[in-house]
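Two complexes follow with chain A in common, the first pairing it with chain B and the second with chain C.
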Partner chain A sequence: MAATMRSISRRDEMSLAEPAALPVAASVAPRLHVLKRFLDRFKASLPAYLLLLPSLVFLALFTYGAMGRVLIDALYQRATPKAPVRFVGLDNISAVLADPAFTGAVVNNLIYAVGTAVPSIALALLFALALSRTHAVNSALRAALFLPVLIPMVAASALFLFIFLPNVGLLDYYIGRLLPVLPNWLGDPDIALYAIMIITIWKNAGYYMLFFLAGLQAVPEDVMEAAHLDGAGPYQRLRHIILPELKPTFLFVTVIAILNAVTQVDHVFVMTQGGPSNSTNLVLFYIYQQAVEHYDVGKASAATLLTLAALMGLTALSFRTLANREGGP
Partner chain B sequence: MKLLDALWKDAPLATRGEITPKLGFLLTVLLAIVWLIPFLWMGVATLRPASDGINAMAELMPSLKPTLDNIRDAWEIGDFPRYTLNTTIICTGILLVQFVTITLAGFAFARLSFAGKTLIFYLFLMQLMLVPVLLIVPNLKLVAQLGLYDTLAGVMMPFFASAFGTFLMRQAFEAIPTELEDAALIDGASLFQRIRHIYVPLSMPSFSAFAIISVTSHWNDFLWPLMVINSPDKRPLTVGLSVFTKTAEGTQAWGTIAAGTLMVIAPLLVTFLIFQKRFISSFVTSGIK
Partner chain C sequence: MLFSRRLMLGLAMAGSMAGALAVPAMAEGPTEIDLFFPVPVDGKLARDMGTLIKEFNETHPDVKATAVYTGSYDDTLIKTRASIKAGKPPAAVIMSANFLLDMQIENELTNLDSLIAADGTTKEKFLGQFFPALQGNAVINRSVYGVPFHNSTPLLYINADKAKEAGLDPNKPPQTWAELTDWAKKLTKREGDKVTQWGIAIPCAYDYCGWMMETLTMSNGGRYYNEEFGGEVYYDTPSMLGALSWWNDLVAKYKVHPPGATPGPAVSTSFISGNAAMMMLSTGSLTYVRDNAKFAYKVAFIPRNVRNAVPIGGASLIVPAGLEADKQKAAWTLIKWMTSPEKSAWWSRATGYFAPNMAAYKTPEMVDFLNKNPDAKTAVEQLDVAKPWFATYKTVPVRKNLEDEVMLVLNGKKQPKEALAAAQKAADETLKPYNAETALKLP
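Up next is the complex of A and B:
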């Protein structure tokens, strides 16, 4: 981007320097000239296009094409599962917005996003600060905290099904004895969503820890030493040196945490199926239910569209950060 | 306290006496133990005989009469060898195609200048945010139209292009000195020969980092294969495990569930423990898959 801007401004300077040159060049069949230049440019670019083609074909089919198809599918509906599709305009969108199951899923997802992102990022920061210096003990602890990241969400759910099992499960067996009334972790609509969140925090904190560990490497050693000498305590060093230095890491990890909150729903499928009484239903699981259980592609597409729009808003905010991280165009 | 001091012996002298970092460390140790408890339970419960009864199931002390019955049961109830084979085919297939697509595209971004480079860069970047799992509904329809419903190829296809891999390879290729390529150019090497014999061999660390991320993430995929696959004999491990869990949960066979879970995650855990450093550094570069 910057490069094109620079070349444009350079051209402007030139035309300012030789104002007479412009009209002459424009009078010689400008159309043909432009076309020829375009063809030359295309010919020179051809090898690159051929190399990009395999990737672009699959991106076109499964990413951009998919977005286009969602947009179209959201505008059509069938009267009965066997009836032909007919155009219904924005009816699907208004039907989804009027569906208490969808709005409930959106509210759940917001609670879930905040309730998983904040604790897992806070824990990740704690882990990274405590384990930033590398020696055998810290490496082992890092590995222990990282293990949940590796395993499938389905496997984590299978383990936590037993942990949350009423009466005989791990949690009730050890902690439940201290409580007068044992909660039904996954069966109580007021608690189930929080139980689900615990799995996510357990699974993701170790992942975010890695980014904070990498971020801490960038904290300048001499500044930290100078702060020691000036008598800054651990809290002051954290507040005034480390946290400002970690700001880009925070931004990046927050984006990933929100993306994860929208896209990780395997545990909902295995543990609660969105229940009890829709209290753990999340948006992506709602989409899955509409498409697979109710065969309602129109409504599923409308819900997908709304979710994509929300994520695109987030994308717009973080696109620059992401582009810079990948080294710019 | 002696032990803690030993861990702090390389810290700056002025900070060695501070108590807050040590409290933070102790809290982290405590949490690391809590973090491991589900794994510990899985191991203990796998070896616990059913005769211990349901009330001892949560006991974290290993049983005195360990048994392999649970593993045998899980092996017989769930078709784990078949599931493992399917998951291996899916992960390998995706990875092999990805290697081709990301090498070619990564090279184009790293070494060639072409019209519309900025636009195409942003098109790739968009895929990082539009995680494929969100597009399950339209992609399922497309896979069905292509006649790939209920096939492993259908599960693999949406992942054949990878923006993350492309950017990773671009970065690796940019670090290779152009003099090497110029020398090959003088010797008359074609574009593909230069990629094959200069760029690829010099970028092996990036390929292995990408392989780790790609395989672990697709080993763990669940919702997409659940939608595409219908026949029981084509299920990958995750889908197989969820069906298996549902069956065993009905009979309260928690030892068998633990054994099944262990079988599903063991390959990943073992590989991780062997190549720990490499895994960690790959995941740091990943960010978004």
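Up next is the complex of A and C:
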């Protein structure tokens, strides 16, 4: 009895001691464990990091380094040409926001983004639906529609420069017979931005078509067949099956189209230089003007920061929406 | 940084030189220098530059020059400034003549006075080689900062066949604005309201537009800017109001000039295709017109309203600030060689620009060339009435302040008077920081 008692008590002791000992063990062994695990993991992924190193170095040098530099530059300004640069805080940002040329560029960019994204996506969808079945004719047509994507923007702009040439260009040569007064496509501030938009749509529609063609492959065959058997017409199939299935594609292409609208300004450089009278000035070109023509690095950096912030906000928002949509019913 | 610069230079060289100037591995010996050069007009300028530098290297074993193509005039300014900031400036740059003042204000230029003095000559003697009209853009505060390399003036180009058709004598080109207006009316053809042939076209795109406004303002007795001080422009003045009003009248009142802003290449294409019977354009386009016009053409002075006067255009050779002494010396050797009468004349014949060195026109090849192409002579003769190109603090934005308003006028969106008042206001604002530390900095 006593023995059992003792044994119990010992057991108790043990059971009491064990929890007391446990924290000690937990404070040593798991730490070792974590370290070891980390080392193990590091060892395992070392080749991966080594392989990534060149990219990381270049990213740090040319992307993150540059972004950091922009952030710093945005905070400095000089009062007069010979004065030294000094810290001005957010003055550059407020100067950019107060600049009518910047607000003008933002408005132009919004018109440009909506005016290029909507038609090019609509066209892309139309092309994809028309050419979704693969046979020789469709392949040839797809290639033809994709061709503009392969032409560099600068070369395309140079081509369109001749097409838009007032009085003697291709466009005026054909349309000119129908119109009472020949428009000066790139020289009239009311038309120039739309002329620029036409090039972007022409150039991007074929690219977005690829995404929609891929998206159409993912539309389940059996659902389509079932709808067919249920007597759903082509419009009903499009409205209730194809379009809902393409929603993620739509979202992705929209983000790409908007990013393009902000980051592609090659044609503005080549064709109008932001003119006439700033009517085709887009945000990125405004930044270029501040940095190069005004030689005002502070203001250019501030405008860059504002643009970056807007783009990152937009991207975050769209990816959240995308995640919600995929997580939802 | 180093990597990207080398890569950039490598690409630029590979692209433009096509291996003609591949840099051999140099151990020791010649001073290696870079020359940044732009190609502002169409044509084979890059190849011609390769030929020129190759010849220089063959005749100067102690210097190894490399020509680096840097794009347009504006791009060349950007790349030069980037190199100066990176601490590796090129030894010499062919820089648009009206950017010199802005660069001098920013302390980016080497004062060439000491290099001239080291040659045992004087500033007056050195500058005396060049046409007097070119000196205004090369001298700042009585110091030499640039050496004229290739230059231009605006010209009136006339389609002689169309003039004869309209009963006008192309050998007696219009000399005044009144005569030019009359010619333009007679040369305009209409079908109902529709114009099938324009009497005259004047280019207006950024850069060209400001130059044309300076041309018209000067022939109307005006100055456009203060030649002695970089903080003033004269936009809201009677001389410029007259100039812009006349241009506007050609478009809106007489309807003999195409509406809207038309860039230079569109104007020259329009002229070549016979759609515009006359145009005002740079002498730099003369070679292009000579090679492409399928009709007889004439070139003439820009007509006057008050006086005959035009601005110069083109580029000067500069030496950026912050260069080692030996490179500076090598650059100076290169610059003197490139602006010598023989080389100047050769470059002029190759490109269509006129040669800034007056002695170039006395070389036998040049005399021969001018006899064969008398139209090239008109540009040189007009130099007697030429004046400097506008150059202010922040030349490009100040010019754009005017150009944006002129474009609105040509599109019928604003009247000349209010447009010029707005341009003046905007330009004054752009010039404010410079004035604050110069003219308005009081004891």
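Simple rule for what comes next: the second predicted complex is superposed on the first by the 266 of 329 C-alpha atoms of A that agree within 3 Å, B and C clash if a C-alpha of one lies under 4 Å from a C-alpha of the other, contacts with A are read in each partner's own complex, and residues count from 1 in each chain.
Operating definition for what follows: a contact is a pair of C-beta atoms (placed from the backbone, for glycine too) under 8 Å apart; a residue touches a chain by one contact, two chains touch by 3 or more.
All values derive from a computational prediction rather than experimental measurement.
Asks: Mind checking chain B and chain C on superposed chain A, clash or fit?
Replies: They clash.
Asks: With both structures superposed, pick whichever of chain B and chain C touches the larger number of chain A residues.
Replies: Counted on chain A, the partner with more touching residues turns out to be B.
Asks: Touch test for A:270: chain B only (first), chain C only (second), both, or neither?
Replies: first
Asks: Can A:105 be said to touch chain B (first), chain C (second), both, or neither?
Replies: Neither chain B nor chain C is touched by A:105.
Asks: State whether A:292 touches chain B only (first), chain C only (second), both chains, or neither.
Replies: In the superposition, A:292 touches chain B and chain C alike.
Asks: With both complexes overlaid on chain A, does A:121 touch chain B (first), chain C (second), both or neither?
Replies: neither
Asks: With the two structures laid over each other on chain A, which partner does A:201 touch: chain B (first), chain C (second), both, or neither?
Replies: It touches nothing on chain B or chain C.
Asks: Which holds for A:282: it touches chain B only (first), chain C only (second), both, or neither?
Replies: It touches nothing on chain B or chain C.
Asks: Is A:211 contacted by the first partner chain B, the second partner chain C, both or neither?
Replies: So A:211 only meets chain B here.
Asks: Would you sort A:173 into first (chain B), second (chain C), both or neither based on which partner it touches?
Replies: Touch status of A:173: first partner only.
Asks: Of the stretches 41-49, 59-67, 329-337 or 365-373, which one of chain C hits chain B?
Replies: 41-49
Asks: On chain A, which stretch or stretches are contacted by chain B in one complex as well as by chain C in the other?
Replies: Of chain A, residues 62, 161, 165, 168, 292 contact chain B in one complex and chain C in the other.
Asks: Can you tell me which positions in chain C touch chain A when the two form their complex?
Replies: Residues of chain C touching chain A: 4, 74, 77-78, 81, 102, 105-107, 193-194, 198, 204-206, 258-263, 265-266, 269-270, 273, 275-276, 393-394, 396-397, 400, 403-405, 407-408, 410-411, 413, 433-434, 436-437.
Asks: Please output the residues of chain A touching chain C within their complex, sorted ascending.
Replies: Interface residues on the chain A side: 62, 79-83, 161, 165-168, 180-182, 184, 186-190, 273-278, 289, 292-295.
Asks: Which residues of chain A touch chain B in the complex?
Replies: 1, 4, 41-42, 44-45, 47-49, 51-52, 54-59, 61-67, 69-70, 73, 123, 126-127, 129-131, 133, 135, 137-139, 141-163, 165, 168-170, 172-174, 202, 206-207, 210-211, 213-214, 224-225, 228-229, 233-235, 252, 256, 259, 262-263, 265-266, 269-270, 284, 287-288, 291-292, 297, 300-301, 304, 307-308, 311-312, 314-315, 318-319, 322-323, 325-327, 329
Asks: Give every residue of chain B touching chain A within the complex, in rising order.
Replies: 7, 10-12, 14-15, 18, 20-21, 24-25, 27-29, 31-33, 35-39, 41-42, 45, 54-55, 57-60, 100-102, 104-105, 107-108, 112-118, 120-142, 157-158, 160-163, 166-167, 170-171, 174, 191, 216, 219-220, 222-223, 226-227, 237-239, 241-242, 245, 249, 254, 257-258, 260-261, 264-265, 268-269, 272-273, 276, 279-280, 283-284, 287-288
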